[in-house]
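This structure is in structure tokens; I'll ask about it shortly.
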Amino acid sequence: MRLYEYVLRRILFMVFVLFALSVLIFYLTRGLLPPTTALAPYINPRLTDAGKLSIARAVGVATSSCPSFSDFAALQNGCITPLWTQYLYWLKNVLVGNWGYTLLPGISGTESTWSVFFGRFPYTAELDIVAAALTFLIAVPLGIISATHNNKAPDHLSRIVSLGGYSIPQFWFGAMLLLVFVLYVRIGGLGLLPASGALGTTCALCFSNPGTITAYTGVPLLDALLSRNIPYFWDSVVAIILPAMTLAITSLGLLTRIVRSNMMEVLRQDYITMARSKGLKERTVVYSHALRNAILPAITVTGLLVTYLIGGSVIVEIVFSWPGVGSAALVAADVLDINFLELFVLVAGVIIVVTNLTVDILYAVLDPRIRY
Amino acid sequence: MSQAHTQEGGDDILSIQELKLKFHTYAGEVSALDGIKLSIKKGELLGLVGESGCGKSVTALAIAGLLPPNAEVTGGDVVLDGKNVLALKPEEMRLARLKDIAMIFQDPMTYLNPVLTIGSQMAEITRAEPKLFVSTLVNYRLRQIDKQVEGTNPNPGLPAERERLRHALESQSLGRKELNELTRSYAISLLRSVRLPEPEKVFEMYPFELSGGMRQRVMIAMAMMRRPKLLLADEITTALDVTVQAQILHLLKDLRSEINTSVLLITHDLAIVAEVCDRVAVMYAGNIVEIAEVHELFRNPLHPYSKGLLASVPRADLTRTPDSIEGSVPDLLSPPSGCRFHPRCPKAFEVCPSRKPSMIEVAPDHYVSCFLYGGLNGKNNNT
Amino acid sequence: MYDIYGSSVVPMNVYEPLFSYNGTNGVNTVPWLAQSYTLSFDGHTLSLTLRSGITFADGEPFNSSAVYFTYNRILVMDGSAPIGHGTQASWIFQQLLNTSLSTTLCACTQVYGTQYAQDVIAEHFVQITGPLTLELHITNPNSALLYFLAHPVSGIVAPGFVMQHDLALWSESSNDYQLPYPKLSGNETQMTNEYMIDYQATCNTGATPKGCAQTYLDNSVDGSQAGTGPYTVQSVNTATNIITLSANPNYWGGPSGNVHAQIKTIIYKYVPDQTTREIDLQNAAAAGQAMVIDVAPTNIYDVASRSDWINHNNLVSTTPGVTIYGPYTQYATWFIPLDTNVTNPFTGTYYSFQPFADYRLRLAFADSVNLTLINEQVNNKLGTVANSILPPGIPPSGTNVSSSKLAYSYNPDVVQSLLLSAMENPITHFTLENGTAAPSGEFSNAFGCTALNAAGTCNHPIPQTIPLVYATGDTIDEAILNQIAGTINNVSTTYNMGLSVDVTPLPCGQMTSEAFSGEVYAWAESCFGWYDDYPWALDFFEPIVAPGGIYAAPEGWNTAQMGEYWNAALQASSQGDMTSLINSINSMNALANEQVSNLWTFYPDIYMVMTSNIRGFAFNPGFYTTGEPSQMALLY
Amino acid sequence: MSHEMKQPEKNPAKSRRQHSDLRFALHLLRQNPIVMAGLVISVATVVLALLSNLLVNGAYWHQQNLTLRLCWNNPAFGWPVTNLFNCGGQVYPLGTDAYGRSLLQMIILAIPIDLQIALEVVASAVVIGVVFGSLAAYMGGLIDEVILRITDIFLAVPWILLAIVLIVVLGRSLTTLTLAIIITWWPWYVRLMRSQVIGEKEKLYVERLKMMGAGWPRILFRHVIPNSIYPILVQSTLDIGSVILTVSALTFIGLTPNPLLPELGNLSNQGIEYFFTAPWLIIFPGLTILIISLGFNLLGDGIRDIFDPRLRR
């Protein structure tokens, strides 16, 4: 089978998964919660019952024959449309990006859920990407060292690190970092790192007034660079250290383990013995013969890693008051802002599925032996 | 004529004394080598035969210092060309492998890195320690140049190059670029000399694009590249079909005489031994039970095991059907006491289980370790 | 969690009303943008003279047509206060005029569309009599008039600025409506009227419902120059809830002339986590930056010295470079409604068990909590145990709270006897919300057993469960409800009454919606706090005790009597007859107390935690928001 | 003859394998003290969980004492925080929590609760995984496809999001908490079991059983599953730690059935609220979680090595 066929098939499959995911999430939220909850995000508080009813019809939860909103709220007189109709309306709204008004506290009721979500999303993206980078930078060498020194001190050490990271409650690790670096360790009486938010507006080591930047991308680090505001950039860097570290340390276990076991397997291959028998330096053996074969399979867990990071960022964002979608998700859960959660789940789904797709294709392309 | 050669060539390139070796496994300690004694003369082709699992390959690995981490040498020395290999520091051992000891392995499929081209896997040898290869490469090139200069209408640039190379020879150093170029042409010439078609193409190919026989040739070429003092050939023909086997073996022989290296040919196939070897050592359960010159051994094998081994070989003239030895190779976790062969030995008697026989020279250059031929009187001193 | 838009962050510092609560207490109002005023005896006409020489941040002059624009805009546009404020702004003003204008006042459906704008214009609420003089024509006089005008939602906005931006906003997104006046013309009055009609034209409940169009000020978008206040809105990040105010260089200086923005930039940052806020404060204090943070009463000892507060009643900071001001009492009361006529959300019908229809059970619940202890241990003394619905000092002064007696006080023994009597002879007759008697058999308050056995316990008790709900994370309410549950369950187990009280946290939003739709027996409301739209005793009662208020009137409640007091109070208020107003308010108070309609808990205290380098701020108890003290400072 | 046929059914390799597994396990423990530590911790945890109700009266967690809130009087360690509350006579080794309960007692009461949830989750996930995984693998074709795609859907959402949604929808209780985690967990086991069975069903003895005309349920449940279930059990040990982490994470962010419930994440939740006045409230519960999950992970890691053929040499 040719590459493009393979890609095509994977894309179709991706679309299917997303569709199924939408059905799942729709059923969970709309099927199991009363239709009034589903309606809430679309209703502007000022509306009269008549207005509400017309909206309920427009959103597709109330039948056109429904006499009054109170009947609708009491789920009587055949006011509620069948679930599949609701789904079609819902899907239409999802596709045109109409997610109604946000219910999040602290935000004007006239803000749309969509704009709120994607206003915050860049911060989460920034956090996750930085964390992912850190994870790779730490995990891969760790895995290699522990494989090349199997059952020796470095191996034990790196296993403890990765297993430890894997076993530490993320919220606790974050809290301890705060305790240590913000409360107890002080530089010249100053807090070492900012406790909150993506910007260093309150961090002691930060430039007192970093000024403002133009939101090209919404991602502070990038925007700061694009608008050449170096103080702002450093503030953002300083601000992201602790959260990203927390996320990375607690996520690297998976990757380290994969790299380690791959590496150990590869090092047991005959061609490694051959390479040694040729009198090559151990470094040459490891890096030019073993590494590539060991890293390649490790790429395949990237998808898993992304899933883990997105999940983890919810907790980390809460601990560090990171203004991303993760911390907002919890608030959304508190105020029953179903649409926000739905949006989050779907976006996360898209990201993960696409990542997996890219990884698979990349893998297929990279390894000369793979014949899909 | 090779006999004459071995007789007069007195000095050993390799001599193994009382080599004892254990494997530590979760199941317990496996005593893989139980004090083996072996020597190879310069330019000699020694066969090492025995059933699989009797410690042939381990011996080779021990010589090349490629033992797995859970192996431990508990006694004896391996002296290669005057220096004790076992005492070498890792770095020295590496250099020894790079220059003096080359090894060719059983399975050409798995012993080449699938994701690197043949070329790069050959080139990395010279790149590992350029100094060691300068003279080889340069001399090779000089010879080429000489030929061309003598030949009709030589390339005018040649004399200049010759000068440059001579300087390089003195300073023992080459530019990176030049090193690579020379390596390439040299490697290709080697590939040609192991009779690979279109060596330039092969140089660029990935292993999985080559057949088994071709890969084995590539491995031999790699070995030749280093002009080693000792070549360890571990079951190199097992994975190949018969016709290819023959070619490879002849290649080995030619190579041996060409660069005058000594070869330890490990195999379980007596036919091969008979075909190419000068001397042969029979191994059983971590012991060398009999060493003799090939024809001698085939004419009158002494050790009961050797007898059995020979008997099990199918003959061309089907005067009698091959009969196999009773029982199977012992589990070396708990090796039999005394002579390790006694449980399977048809001629075993009361001494065998209790004491370990020593090597006795029963005929010139014919050693055997079996109580049937004496060694009963006096303590077990492994002379 | 607080709403930086709904709260008075921006109103306080960016927009100014004609009057202001006077700084020390909110009891009186003083002219602010207004120079002077006279109110006719019948209370139907308020004549105003405005200060001269004041300009909006965008340079527009402040004059009577600005007031005309602002007040009419408020009337016509719900949530049109400088910062969106739900229906509050309009309803506060609408009640001064023809009640048919207001959904809240008349139980009628709101007229949408341009007709509504026409109705408002026809009211001629604001009459311009000169560039700096004007009259307000009031259909329904109200003694709280000046408090309305001092309310942050009635801050005056710059007409030109707002009209220009709104028109731009509406015409760019005019896909599902047509603006009658795409370009405004005529004099300012004329333009204002057209603007109002245009706005109503944008209201639609079409296929993808959007209500009415947004207005430019709704999110106090970047660079709002529409106020006369000491600050202007520099930027607003709706996603991360960061509002940046910057000083208004040509601020007029206030009545005293010496009010000036000394801080160049104020950044309002939304940091929901208590700990994080405190860490930030510490860092800021150490780094010499200026910062005000909100510290919950439960966490006061994170920043304040305990011994100083317990022993000497001083809030002394434990962090160098941090100062704490306060505590100040504010016009707010926390309480726990004990509801009757509770319905089952799934069936939509009444629960047959309506414990709080029984006065004895209401009293028993109220008697089983030691508020003083909780105030000291959990609320850390940052509040006063409430002895009536009315917070102290709320105007009109004289609505005296100390005189009204509470029917309850912490007393487990009384709880025990009350429970026993309620169990042995449960009430049999119920009244529905609409006053009619409930059909027999529909309700039964029976629990436990009617007669105890020799051992003094029930043999086969009828089990009943009363769930109490509070807002997740509200430590104080949690403590209160837990103690109630503890006491009641304790008695119940001694006599094997089968009555069990369990306490569950609900997300604030969920709890409130369930509570307002009458689906929970008793709930703690302080997650949004009970506060007045403006400091006026009468307004405090309306939703809680007045007939037709949002809380269901409990069984045994003398609705008729309360109704009479209520009408008398309204009457007195409209005639400005303070004495009888105060009398009827106090009688309502007394009635409410003796009936134990609700369990009043605390009057919350406010205090300000800020770095010491911040000079001068005005605390104003008149503002309607509870909690978030830092939101209430006018920094200058 | 029938005797010969029986042989493959009883899969003779197994007993010997277990035997050598045991030796390998001991070998590992000898050479790798970390695994030993894991074993010790896990066993200790389980024991503590079993004993907890004997050590501490289970009713204590309902009892609050507002006058003893947030106090620390461990003589061994004076906490360097201002405004330290005093706790009267009795000594509280780990201080008291926001409800005036001894933190140590609460932690002891919490361990069985967390462990129970973990076990419930893992057990149900294993059951689901084994049944559907083996069905998918053994039946192949459409069934395989369907089951795989379903797992794909669940794996395309971060677990915590799915859990949040579920808890919001189903309301907050221990049951829904457990359920939510199970729902995010089972797909892994299906995947794992599937790969195992696919390997197992290729084996010779399955063919021979088929030839003998044994029905698929018999082959699957009597032979294939018992032979391929090992790694699942390993995974489940490893996962107990992770599940405890998950549970505590969810309760920490406030998705808790009852704030008084002594559950490690729940206790930490109080802790983050009183970070300044009572740091011990977050430190110790979190530390407990760390130790327990680390214990199980170390153990699981070791066991995985035992079952990893590539590590055999």
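Worth a mention:
By letter and in written order, the chains are A, B, C and D; residue numbering begins at 1 in each of them.
Keep this in mind: contacts are C-beta pairs under 8 Å (C-beta built on N, C-alpha and C of every residue); 3 or more make two chains touch, one makes a residue touch a chain.
Quantities reported herein were computed from a predicted structural model and do not represent experimental measurements.
Common partners of chain C and chain D, by the touch rule above, are A. Nearest to the overall CA centre, using the mean of each chain's CA atoms, is chain A. A comparison of the A-C and B-D interfaces places the larger number of contacting C-beta pairs at A-C. Centroids built from CA atoms put chain C at 38 Å from chain A.
Mean C-alpha positions place chain B and chain D at a centre distance of 54 Å. Per-chain Cα centroids separate chain B from chain C by 94 Å.
Chain D has its Cα centroid 24 Å from the Cα centroid of chain A. Of all residues in chain C, those touching 2 or more other chains are 273, 275, 472, listed in ascending order. For chain A, residues touching at least two other chains, in rising order: 178, 318-319, 333-334, 336.
Checking each pair of chains for touch leaves A-B, A-C, A-D, B-D, C-D. Contact residues of chain C toward chain A in the complex are 1-5, 78-79, 84, 86-87, 103, 109-110, 112, 205-212, 214, 218-219, 235, 237-242, 244, 265, 267, 269-273, 275-277, 279-280, 282-284, 286-287, 289, 291, 345, 348, 472, 507-510. Interface residues of chain D facing chain C in the complex, by the touch rule stated above, are 62, 64, 66-67, 69, 82-83, 85, 98-99, 172, 254, 256, 258-260, 272-277.
Here chain A touches chain B in the complex through residues 150, 269-271, 273-282, 284, 288-289, 292-293, 367-369, going by the rule given at the top.
Against chain D, the residues of chain B that register as touching in their complex are 25-27, 68, 70. Looking at the complex, you find that chain B touches chain A at residues 64, 66, 69, 94-99, 102-103, 105, 107, 110-116, 124-125, 128-129, 206, 208, 219, 222, 226.
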